[in-house]
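Structure below; questions to follow.
Letters are used for the chains, namely A, B, C and D, taken in the order the chains are written, and counting of residues starts over at 1 for each.
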């Protein structure tokens, strides 16, 4: 099993008037991590996925624990593992740390949807994408 | 017990290329709801709270269920209740609906912090703010 | 000639760590003003305009003068006039003030584009929208 | 004379429901470019600049020409030159291109301000920062 990791530096645009990251901006970083995972690890850049393959992966569920605040210029390491892989959904575990200190823990469930139809009806995760995802599965027995 | 409610229209800026709300933008709306609650119901506009009273209320925990997608020009009703009121933290339950249809359910825990010091150390919720919060408490026995 | 005006309160999400509005957020407010003008004054909500009528109005040119900083909880009055109305483009003058003090002056050119095709080719502004726009034209002789 | 350049990939979060970059997001990219210039070329990360040296560089004037739309997954090259260097302000010329095609041209004026005082009063650009800026000056005679 492999984890997918990316480092994102905290920018001026991310911080609030108290000098710490404004928490909605963490979800932009989370989305970047998942977008980079699809593009760099699963071989499906989201431009192609959304506009040619007409596949979307909206979030349906999320649990977040913010353990410690983060500040401008810190570099956060974002790391993703696949906790469950269903036929039409996936559960990701995401950890965020800075120089070894844990900052955020997230569990999020994404569903695979058909953008040709109404953009909200679920469809099976295509086999090629599913095959790539399995490398990141914590336990080798997908549901 | 009272609920605090506000309606926010979904704008062009909120929507992604699939034509539905990009989920990090829901957390901007959540933050607006809490900001409006402080300003309009608790009598503490955040400009005064942050810059004069040096009090912050960062989020430490959050559970979110996205039940149904929302689209441009829909008006979402956001509604807040106080589920727990501790001396230094509070648990909010937030429901989001559109014309009676449930869209999102959120539970979030905020902590009261001291912005004079490092901006992350907890401090007691000031009595005047706490008094106002009690009106929104689901059950009358604060922890 | 009429001006179209809307007031937007400056929120926590708009402000940077120096406590003033982070300037990219002013362009969100500008876009809200234009979106509200289309929906409330011209009778074309952007959901209908983009998704049913397949018309877009991207920005092609912009001049901005930031005269004075704005802060959390201030209410900014945004006011729009139409300086030029071409067959496929329009030039808007936008003023932003707070309690009579001028804060920002903007001139921006929008072009009418066809979203059925590639989303970037210009098309004529539809007659019904054009008719409404004329009420906001500074001088009665459109180009 | 040197230009400072950075490449930023267009992400899902940058695009609107018409599938092109929502223009306020270009100003986030512009701000990243300037932030990276200060950190990587001038030796002043903005965390240190804002919070320790109490110096801010708000935008006072901006002219923007959007020449061509950009789309998800395109990589934009952002390039900066210094057109004027005053004692308390600087004028930047910024070009944005994709694979040799020009997309956006920006001229923006920043002013150096004192964050100890009110965050809006101008102060002289510190000598060490000014010295680094000169390497990016188009013409060797600062005003």
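Simple rule for what comes next: a residue touches a chain if its C-beta (ideal position, glycine included) is under 8 Å from a C-beta of that chain, and two chains touch if they have at least 3 such contacts.
None of the values given here were measured: they were computed from a predicted structure.
Q: Averaging each chain's C-alpha atoms to get its centre, pick out the one most distant from chain A.
A: Chain centre farthest from chain A's centre: C.
Q: Count the C-beta contact pairs for A-C and for A-D, then tell me which is higher.
A: More contacting C-beta pairs are found at A-D.
Q: Measuring centre to centre with CA averages, how many angstrom lie between chain A and chain D?
A: Distance between chain centres: 29 Å.
Q: Once you find the CA centre of chain C and the CA centre of chain D, what distance in Å lies between them?
A: 24
Q: Just how far, in Å, is the C-alpha centre of chain C from the one of chain A?
A: It comes to 34 Å between the two C-alpha centres.
Q: Chain D: which residues touch two or more other chains?
A: Only 12-13, 17-19, 22, 24, 28, 31, 50-51, 72 qualify.
Q: Under the stated contact criterion, what part of chain D meets chain B in this complex?
A: 12-13, 15-19, 22, 24, 72
Q: Can you list the chain A residues touching chain B in their complex?
A: Listed in rising order, the residues of chain A that touch chain B are 17-20, 22-25, 27-28, 30-31, 50-51, 56, 58-69, 115, 119-120.
Q: In their complex, what parts of chain C are in touch with chain B?
A: Those residues of chain C that touch chain B are 11-13, 19, 28, 31-32, 35, 39, 45-48, 50-51, 71-73.
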